[in-house]
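A, B, C and D are the chain letters, set down in written order, and residue numbers restart from 1 in every chain.
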Amino acid sequence: MNKVVDIEKIKPFFKDGMTLMIGGFLACGTPEKLIDMLLELNVKDLTIIANDTSFPDRGLGRLVVNGQVKKVIVSHIGTNPETGRLMNEGKLEVELCPQGTLIERIRAGGSGLGGVLTPTGVGTIVEEGKQKLTINGKEYLLELPLRADVALIKGSIVDEFGNTFYKGTTRNFNPIIAFAADTVIVEAEEIVKVGELRPEDAMTPGVLVDYIIKGGEGFDS
Amino acid sequence: MIPNQELAKEIIAKRIAKELKDGQLVNLGIGLPTLVANYVPEGVHIIFQSENGMVGMGPAPEKGKEDKNITNAGGMPVTIMPFGAFFDSATSFALIRGGHVDITVLGALEVDQEGNLANWIIPGKMVPGMGGAMDLVVGARKVIVAMQHTSKGQPKILKKCRLPLTAKAEVNMIVTELCVLEVTDKGLVLREIYKDTTIDEVKSLTEADLIIPEDIKIMDI
Amino acid sequence: MIPNQELAKEIIAKRIAKELKDGQLVNLGIGLPTLVANYVPEGVHIIFQSENGMVGMGPAPEKGKEDKNITNAGGMPVTIMPFGAFFDSATSFALIRGGHVDITVLGALEVDQEGNLANWIIPGKMVPGMGGAMDLVVGARKVIVAMQHTSKGQPKILKKCRLPLTAKAEVNMIVTELCVLEVTDKGLVLREIYKDTTIDEVKSLTEADLIIPEDIKIMDI
Amino acid sequence: MNKVVDIEKIKPFFKDGMTLMIGGFLACGTPEKLIDMLLELNVKDLTIIANDTSFPDRGLGRLVVNGQVKKVIVSHIGTNPETGRLMNEGKLEVELCPQGTLIERIRAGGSGLGGVLTPTGVGTIVEEGKQKLTINGKEYLLELPLRADVALIKGSIVDEFGNTFYKGTTRNFNPIIAFAADTVIVEAEEIVKVGELRPEDAMTPGVLVDYIIKGGEGFDS
């Protein structure tokens, strides 16, 4: 059950028009080598679900700059001026979603829930087009699940079965998107043998992982 | 008016720091709110939350000691205190939305006398996205707005926000370089003014109606 | 009829074991379903899930080697395989409800030709509760009922369940000591019979209508 | 910020009629010393939210046997005959909830969600009295949040600030209930100094914990 593959093996999975979830928070915990690969493949019309569009030269923001993205569902685009520019030109659809709502929608998609009720966004334009329910006198928005074709994850220490440990704040969206995609690919900073991680350290259980590729040690290294 | 921007920011940050109580869990927004951490009174131990996945956030690391795996919600390197914890984004917003964060301090584009806040979008001009702000404002037990009193001389404390809201009626306190305002059921109450201003000046720079009690204090900073 | 209970259970467990494919994530209910683990064909690697918080569940420990911190969903000491992972109950049911479990094998009090299952309550008599069964039956990709064909000579495979349901129309396959039934849109299809029984005997011990195709096989165990 | 206290310190918190959440799955991961304390205090009319009522002589089942419980909200009572007996005699109210739904309801209560939509229980008696919503053609039940006055948790390794690591399958409900109660008390198998746990190991962040008491090493030791 060794899931480590050469990056060539996974390239055929990627097609124009597909929906990707990508881990990371302002490029911390983003699989940069997989982004490199997507740039090289130059697949187009992607829908990307992630926390943010990071920076023009780091993280998934590079895909925006390269014109490969049709739509993003994110909580923040302020650190990547190119996202705003393409949006204003009508070349990129941007669905802004409050961060806590976004992660719950992904979690719902990955855990078979039909939706969650959140107070976040009530009384704002976020509620447009959404069902509102009143529970015990308080209003909530019904937020619906999100899923993707492929989730791209960055793990700090990954065993050959896919059990994944995240260091520091690299965890962020990664373990949640691992539940919400049909295919899960982990870019591992360090790969270890099965048995080297404690079962308590498998923040993403290996059963969720389809492929592991060896990454670098982060963007700057 | 306090024309010196740096002084204005210092006044705001210092005053808000005095609101923090020992042991509280506090989330500081990016920019001006971050400065609050510099003025926490001695003997008061505050636990800082960073919505990308950490409690117990510490100060910025020394140059050359940055850990790429430990960043704050602005994507900048930070440190973690020995009592801190890392977690994923769903857990982070369970803390935030679930009422476990005692105080959130955020900047504002506009705030109004009903406690409405607008700080995430200027349609057609600036669309950074709400990030975690909508969840923070709805979820934190106490919401403090930290902002300069006016923008290019124009009032930012309004009768009614004109920009799209971040959240409805969630602000508890507004701290500017000129005054401290409390949001109450009856409207905005002027609690404190800066030593170098007057009630009349505050009124003239504020669009909102202000309730002026007898016992207004001089801002203690 | 297979009057020998032990033999009956062995037939059922052996047949179900042949349904398991290499690499699948499988949850076995308490009691008879647990026996399936003993008959997994050589070369087939199954990952067992235990809803109390583990994937990669291993066999019971040797006497004296029990670890009080590692138990199964029946509260009994078990072991964990080196590729396994521990997690909390919310994560466990995210796996279950989210469709990440390939197969669940459960016992039944009654099952019917619409794929309805009743296995958690006999009102007024036995009320153990549903535990994780309702989630497992709704969430697992394939639901296999493992049970003896009759209870004290009375059919348990009915036209319509009379006991309160565990889930509606979720059962895919029923394996008893006498036969293998597939639940289809058109009804129950008799796929296989045990070597020592006949189609007529199966029919006589089954209340549900059975579709009898031409190519019925002898159960391969 | 040392939260370790003598058990005498927390006794005044417990009153007749209060609602408790108690960690553990069939007594694995249950704070037995805190149960001992409740037996000694003999507080009555408790509402207990937990996975199950464990056994008559282990775990929270002992409180049921001692007649201290008015109501339980659990997924399973089958291992404690006394629960069933008292229920049948009308002396104990039992709300049975599917395990995956129960943990989501607690999670919702702890994370500020107004409810979740689950497919579990649709078409069964579990749906009685609940709102049903259809999302993309599929039916879901709206399940509402649960909260408690006090959560009683069992941690394997706990630092003096309350950061808690759970070994093996002791984790189960423990980290989820830590979010959903006004007061959180951890019974620690082992207490360590702040800094001895990695921040990644804080499965329950210490900020959620109010008090720590030193427990034994498990029921049998």
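The rule we apply is simple: a residue touches a chain if its C-beta (ideal position, glycine included) is under 8 Å from a C-beta of that chain, and two chains touch if they have at least 3 such contacts.
Model, not experiment: these values are computed from the prediction.
Note on connectivity: the fewest chain-to-chain touch steps from subunit B to subunit C number 2. Looking at subunit C and subunit D, the chains in contact with each of them are A. In terms of C-beta pairs in contact, the better-connected of the chain pairs A-B and A-C is A-B. Each chain's centre was taken as the mean of its CA atoms, and the one lying most distant from subunit A is C.
Spacing of subunit A relative to subunit B, judged by their CA centroids, is 29 angstrom. Rounded to a whole number, the gap between the C-alpha centres of subunit B and subunit D is 35 angstrom.
Annotation: 32 Å between the Cα-based centres of subunit A and subunit D. For subunit B, residues touching at least two other chains, in rising order: 54, 80, 86-87, 93, 96-97, 138-139. Contact with two or more other chains is made by residues 104, 107, 112-113, 118-119, 166-168, 171, 199-200, 203 of subunit A. Viewed as a network of touching protein chains, the structure does not reduce to a path, ring, star or complete graph. Every pair of chains that touch is listed here: A-B, A-C, A-D, B-D, C-D. Remark: subunit B residues 23, 25, 45, 47, 49, 54-56, 80, 82-87, 93-100, 138-139 touch subunit D in the complex.
Those residues of subunit C whose C-beta lies close enough to touch subunit D in the complex are 50-54, 67-75, 80, 86-90, 92-93, 96-97, 116, 127-135, 138-139, 164-169.
Taken together, the subunit D residues at the contact with subunit B in this complex read 1, 107, 110-113, 159, 161, 163, 179-180, 194-195, 199-200, 202, 205-208. Considering their complex, residues 25-29, 51-52, 54-55, 74-79, 84, 87, 94, 96, 98-101, 103-104, 107, 118-126, 156, 166-176, 203, 218-221 of subunit A touch subunit B. Considering their complex, residues 104, 108, 112-119, 133, 135, 138, 140, 142, 144, 165-168, 171, 199-201, 203 of subunit A touch subunit D.
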